[in-house]
Amino acid sequence: DIEVGVINSLSGPFAAFGERYQAGMEVALEEINAGGGVRGEPLTLSVQDDRSEATSALAAIESLNRQDVPLIMGSYASSITGPMAQLMTRQEIPLIVLGSADNSITKPGSPWVFRAKHNSTIVAESYFDYFDFLREQDDSLETVAMLYGNGAWPASLAEEGERLAEERGYEVVGNQSYDQGTSDFRPILNRFRSEEPDLLYVVAYAEDGVAIARQMREVNLNAKAVAIDTGAALPSFVDQVGDLAEYVATVVSWSKDVQYEGVEDLYERLKAKTGEEPTFYEAEGYLALRVAADALERAESLERSDVRDVLAETDLDTPVTHVAFESFDGFQGQNPIRSLVLQIQDGEHVTVFPTDLAAEDVRYPTPVWDER
Amino acid sequence: MKKHYIIFAGLVMVGILYPQMFPGYLSVAITLLLYAGWATAWDILGGWAGQVSLGHASFVGLGAYFVAVGTAHHEIAPWWSILMALVAAAMLAYLWGRLTFKLKGPYFTLSTIAIAEIFRLIAINEGWLTGGATGVFIMTLPEPFGLDLFSRQVNYYLALAFAAITVLVVMLISCSKFGYQLRAVREDEDSAMASGINPTTVKLKAFMLSGALTALGGGIYAIFLSFIEPHIIFYLLLSVQIALTAIIGGRGTIWGPCVGALLIVGSGEIFRTTFAEANMLIYGLLIMVVVIFMPRGIVGEPARYLIRRVYAKRAQG
Amino acid sequence: MSDQADNVLSIQNVDLGYGSLKVVFDASLTVKSGELVGLIGGNGSGKSTILRAVSGMIKPWKGTIHFDGQEVSGRKPHEMARVGLAHVPMGRQLFGNMTVHDNLLLGASLPAARDRRDENLEKVLTLFPDLKKYAREKAVQLSGGQQQMVAIARGLMLGPKMLLLDEPSLGLSPLLVKDVMAAIRRVADTGMPILLVEQNVKQVLQVSDRAYVLENGYQVLDGPSSELQDNEKIKKAYLGL
Amino acid sequence: MPSALKADGITVSFGGVVAVNDVSLDVEQGKILGLIGPNGAGKTTLFNALTGFVTPQAGRIYLHGNEITRLPPYMRTRVGIGRTFQTERPFEELTLLENVLVAAFLKEPKRKKAEQLAMDVLEKVGLADRYDQPALDLNLARRRRLELAKALAVQPSVLFLDEMMAGLNPPALKEMIEFVRRLTDQNLTIVMVEHIMEAIIELSDHVIVMANGSVITEGLPRDVIEDPRVITAYLGED
Amino acid sequence: MFDYVSFLQNLSNGVLIGGVYALIGVGLTLVFGVMKIINFAHGDFVILGMYCAVLLNSLLGWDPYLSLLVAMPLGFVAGALLQRLVLSRLMEAPPESSLLVTLGLALVIGNILLLTFGAEPKSVNVSYASSTVSLGEVSFSMILLLAGLATMVVIAGLYTVLNHTELGRAIRATADNRLGAELVGINTRWIEAVVFGIGMALAVTAGVVLIPLLFATPTFSGAIFTLKAFVVTVLGGLGNIGAAIAGGLLLGVVEVMGASYLTSDYRDAYGLLVFLLILLLRPEGLFGKTVKRV
C-alpha cells in the first residue's frame, strides 16, 4: 500500500468543515483505487485529527513523519495550516493545502507547499470582476458597503476587497467588521441603509450569513447587487433564508453546473457519499487527493524530494478545476484557479460568471424588498 | 523540601536526554512542557494565592505577540522582545490586579474572563499594533551562535528551560516567607491582615510573577508555532486549559501542575490518535471523572489524605 | 421492654469518628420523655460528635441509634427533623442573609410545623422577647449572642419531639445565660425531652435531671445530676473546686 | 506608667445603627483592660475599630502615643497590635506550625529563625506536640490556643482577645486564665472581651462596661460588678 | 441632526436583544445563587434546547414554541438527574471543582451532539423569521418580540415561585446555609436537584426560543452563550433573579448602542466594559448586597 498523510479537523470548532473535506477525499480515494491505485498499489489515507488546534497538528506531522508518508494534506484553518506549512518546509515534507485559503500560506510560500484551491486575492478579484461585469450593464454602480467577520478569512477578504475597490474606482461607503458569534447585525445594517450602497460585499460564515440576509429584510436594506461570501454558498443558506436568498451572489471554487468535464458524475458521487447536497468543500477535498495521487503516480520514487519536484510540475484536469502550481504576484505553489460566481436563482445555486463557464445569465438588478 | 530538589534535578536530566531518546516526539513534548510551565505559573496566583484566573491567555498572547510582531514588523531579536514582554506582562498584571483584586472568588474569576476577552478584541481589531485578524507569520529569526531557533530541538530546550524555571521559582517560593504569605491570603484575608500581611500587595506580587512567567512561555510558543492568530492565542479556551491543567494536577502543590500537564496533554494526544472523532468526548469525561474522584487534584488529593491519615494514626496511638 | 419504650432517644454502643480518626468509643446514652439530660466533658471529648450522629450529620461506625421508637442510624439531618428532632448546633447555622423573621419561619418549614407556625412563633417570642427588636434584620448583622438566641428559637419553631442543644450559652452574657438556662428548664417542664451539651457544668447539673460524663471519647460516669454534683471527681475536674 | 493604647470618642455606625457611640479608653502598658456588656453592645465592633477592621466614623486612636487611626489593619499589626477573632479563623489547610509561621515571619523574615519563633510560641500555648497537624481538625480549645499563638507570634505590644475563654471547660479555662496572666508579666498590654466573669475578675486591672454602643460605667472589676446598672443590664440578679 | 427615529429603533432593538440575554442568564443566576456553582455548561444546555427544537421540527414539523412542551420538562429532568448523579458528589469539594466538572460536561455535551447531529449548523426556518411589527416608524423583529415575551413569562413565574411559595423560601434557605436548611428539615439534596433542573429547563427554553433566530452548532457557540450568561448574571448580582432582567437589558442596550454609534467591531467589548465597571463599583452586582462581618 501507498499511504498518504491527512491532517484534518475532525473534532472541535472546525469539525463542520473537516467532515466535508473528509467526504471529498474518500470519494477521490474510491475513484483512484477503482482505477488501479497509484503505481499499481492501492492508495490509503493515514488520517490524523488536529482537534482544530495547531499544537495537535504539529504533533500529527511528527507522527506521520514517523510513518514515512510521502506527503501530507491539511488542514482547514489558517491558524493550523500556517504553522504546519512552516514546520513541513523545515522538515522538507510536501504539503498539499486542504482548506485554508489565507494568502499567507502561499505568499511568499515555500517550495514544499502547494495549494490547488483559491486564496483571498483570487476570490476578491472574482467578486470585483463580477461587479465590473455588472457595471458594464449599469454604469450607475458606484458605491460599495463591506461587512465581514473578524476571523482570519473574512478579514483578509475584506482587506483585498478594500484594495480592489480603490483600484477599480468604487467608493467604499461602509466598512464594518463584527466579532464572530454576534447574531444581531441590525445596528450595522441600519447604518448601511442610510448610506444607500449600490453593492453589498459581505464575508460571513454560515450562521452569520443567514442572520445577515434575514435582518437585511427586517431593516429594509436594499442594494442593486448583494454578494455574501462563504455563508451563501451552502445549500442550507437557501433552506434557511428562503425567498430572501434570491439574487444573492457568492464565489466558490466549484459548482455542480460548471462547464467542466465529469462534473455531473462527481456531483452524483459526492452526493451519494454524504447523502446531502455537496458543496465546494467536498470538491476541494476531492481535488487535493486527486492532485496528490497524480503526483505520486508521476514521481520517480516516493522520496519526498521527488514527490515535491513532480508536484511543482502538475498539469492536471479534474472535474473541479484545472491544476498547475505557479509563481505569480508574490505567490508560490499556488494554482491560479478560476473561481466561479454563483447566484441564487429560484432556490438554486447557479453559475453565472465567468461567462464562459456560466450556466445561466445573471439576474440584475436586485429588486427592492418592498417590490418582491 | 530536599526531596523536591532531587526530583527536580532528576526530571531536568531526563528532560535534557529526551530528544536523544525520542527525536520523533518533540512537538508533543514541547506542548507538554509549555503547559507544565504555564500551569505552574498560573498556580502561583491561582493555587498558592487562591485567585482563580481564567484570563491567562492574555499573558500568553502578550508574550507571543511581542515576539512575533517584534520580529515580523520591527526586526527586534526575540530575546529582547521576550524581555520587553516580561516587563509589559508584569505591568499589565499590576494594573489588572489593582483594578480587580477587591473582587472575591467567582467575581474575580469572571472579571478575568471579561478583561481577557477585551484583550482578544483589541488584538483582532487593532491591526496597526498586532497585525489584526489575519495573524502574524514569523518568517525569519536571528541565529545566535549559529542556532536555528526554528528547529524542534531548540524549541524543545527553550520549552524545557521555561518549565524548569517556573517550577524552580515555585519551589523557591513555596518555603519562603512570600510563599507562606500567599497561602495565608488564600485561606483567609482578614486573618492574614491580623498577621501583618497586606493581602493586596501579596496578590499583586503573585500576579506579576505569574503573568510575567506566562508571557515568557507565550514568547516561546510563538516561536514554536511561527504563526499566531489572535483568535487562537487570546482565546478563553486557552485560559481555561491552563487553569484546568493546574487544577486537575493539584492547586498549590509543586508538582501538581506538571502532573496535570502530563495527563491533559498526554491523554489529549493519545485520545486524538485512538478515538478519532470521539476524542474530545472521552477527554471531557476524563476531566469529569478526575475532578469528581479527586477534587483537589491528582497530587493534591492523596497528599491531603496522607497527612490527615498519618495524623489520625498518631492521635489514636 | 417498657423501659425501652419510653426512651425518646436511645444510643447503644456507638463508635463515631471523622475520616479515619475515631473520636467516640462505645458510647451508650438514653433520654426518656420529659427528661432534661446533660452531656458534659472536656473540650474535644466528643460531645458535639454524639449530637451530630443523632441528627444525622455523621454516620455511626458501629452501634445503633433509636429515636421515638424507630431505628434512625444513618438518616440524613432533614429526615431527622421530619421525625421531630431539632438540633441547635454549635456555630448556629443561621440563614445569614435572611431576616430573623424568615429564619424563624423557616424553622417551621415542615408541613406539620407549618400548621402551628403562628402559635409557636408567639411562644418563642415570649421566651426570647429581644428577638422582636431584630425581626427585620439580617441574621449576620446580629452579635454573636443575639444569633445564639435566634438559633435556639428556630429549633423550637419546629415544634419538635426532642431538642438537642449544643452549648446554647456560648458567648451569651451572664444575664442571658441565666435566662437561657431558665428557658431551657421551662421548655423541659413542658414535657419536651432535651439533650443538653454545655461547658458550664455547674449550670447543667443544676437544671438537668440526669447527666453523662464523657472523657476523651469514653463515657466515664452517669447518674442523676444531684448525685453527680456531689461526686468528688466531678467537683475536681469540672467544677474547679 | 505610659499609655499603651488610647482611643478618643470612637463612633461606628452601620447604616442607621450606631454600634459604638463615642467610646474612649486608655490602657497603661502591661495592664489588662476588660470589656464587658450585653450581647450586641458593640464590643466586637469596638475591637474591630481599634484593630482597623472597621472604619470608625469619628474618633482617634493612638498606640504608644502615635496616632494609628488611619492605618489599615496589617499596618497596625506591624506597629504592634495583635488580635484574635471571636470566631477563630485558622488557615485551615495549613499545619499548626505553618499557621504560626505566617505570623512569625512578620518580625523574623529568615525562615530558620521564624520557625524557631513559631515553635516557641506553640510550645508556650501547649500545642508544640501537634505542630504538623492540619489546623482543620482541631477541637475548640486547641483552636483557641492556636488563635492565641498566631496573635502572639507577631510579637505585639498590645493584644486584643475577643472571647478567648468562651466554650472552654473549667480546667482549660483555668489554664487559659493563668496563661493570660503570665503574658502581662512580659509587659504585654491586653484588651479583652469576655462574658466569663471569673476571667474578668481575676485578670483585668480595669473594666469598661458597654451597653447599646456606649460606655455605661467603668472602674475596678470588684466595683463594676456591684454596680446596679451593670447587674440589671448584664449580670442579672443571683 | 440627531436622528430620533433610528435612536429609538436602536434602543428598542437593544432592549429586545437584552431580553434574550436575560433569558439566557437567568438560569445560571439561579444555579449560582443556590449552589455556588459556576456552571460552564450552561451555554451547552442552551444549545441542547436548540437541537431539541430542530429535531422536533424536522421529525414532526413542530413550531419551535410548541417544542417547549417537550423541551422544558425534559430539561428539568435532565438537570435534576445531572445534579443528583454528578454534581452532588462535589458538595464538599473546593468551588473550582464544579467549574471544571461543568467544563468537562460542556465538552461531553458538545461532542455527543457533534457525533449525533454532525457539525453542520442546524436551524429551524419559521415563516415569521424576518417579519416585523411596526409602531410608528420603529419596527420590531417578530422573533425578538416573541423571545422578549417568553422571557417575561418565564422570569415572572420564577420570581413568584422564589418569593411567594414555600418551595421558594426553602430554595433561598438552602442557598444561604445548606446545613442550616437540613437542620430545619429541608431536603437540600432534593432542593438542589430541583434548582438545577429549573436552571437547565430555563437554559433549554432559551435555546428553543432562540432557534428561529440563530443556528445550533454542537461545539462552538456554547461558550459564547455561557459568557453572555455570566455577564448578565454578574451585572444583576449573582443569585438575584429580578436583577438578571436588568442585567440582560443593560447588556443588550449597551452592546447595540455601542455597535450603532461607536464601532461595531468592539460590540462585545462595550458589554464587557460596563460589566467590569459595575463589578468594580458595585462588587455585588447592580442590586446585590450581602453583609460581611469580620
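The first chain written gets the first letter, and so on, giving A, B, C, D and E; residue counts start at 1 in each chain.
By our rule, a residue touches a chain if its C-beta (ideal position, glycine included) is under 8 Å from a C-beta of that chain, and two chains touch if they have at least 3 such contacts.
Note that the structure is predicted; figures quoted are calculated from it, not measured.
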item: Smallest count of steps, each to a touching chain, taking chain A to chain C; value: 2
item: Taking each chain's C-alpha mean as its centre, the one farthest from chain C; value: A
item: Of all other chains, the one whose Cα centre sits farthest from chain E; value: D
item: Centre distance in Å when chain C and chain E are each reduced to the mean of their C-alpha atoms; value: 43
item: Chain B and chain C: spacing of chain centres that average the CA atoms, whole Å; value: 50
item: Length of the line joining the C-alpha centres of chain A and chain D, rounded to whole Å; value: 74
item: Interface hub residues of chain B, defined as touching at least two other chains; value: 121, 124-125, 190, 277-278, 280, 308, 311, 315
item: Chain A residues counted as touching two or more neighbouring chains; value: 11-12, 15, 150, 177, 179
item: Residues of chain D engaged with two or more neighbouring chains; value: 53, 85, 137
item: Parts of chain B lying in touch with chain E, wherever the complex brings them together; value: 52, 99-100, 102-107, 109-111, 113-115, 117-118, 121-122, 124-125, 190, 236-237, 240, 244, 247-248, 251, 277-278, 280-281, 283-288, 291-292, 295-296
item: Contacting residues of chain B [partner chain C, same complex]; value: 308-309, 311-313, 315-316
item: Touching residues on chain D, where the partner in the complex is chain B; value: 51-53, 72-75, 77-78, 82-83, 85, 89-95, 98, 101-103, 105-106, 109, 111, 114, 132-134, 136-137, 150-151, 153-154
item: Chain E - residues contacting chain A, complex; value: 6, 9-10, 13, 17, 111, 114, 118-121, 123, 125, 129-130, 132, 139, 141, 213-215, 217-221, 224, 255-256, 259-260, 263-265, 267-268
item: Contacting residues of chain A [partner chain B, same complex]; value: 10-12, 15, 48-51, 53-56, 58-63, 65-66, 78-79, 82-83, 85-87, 90, 102, 104, 108, 150-152, 154-156, 159, 177, 179-180
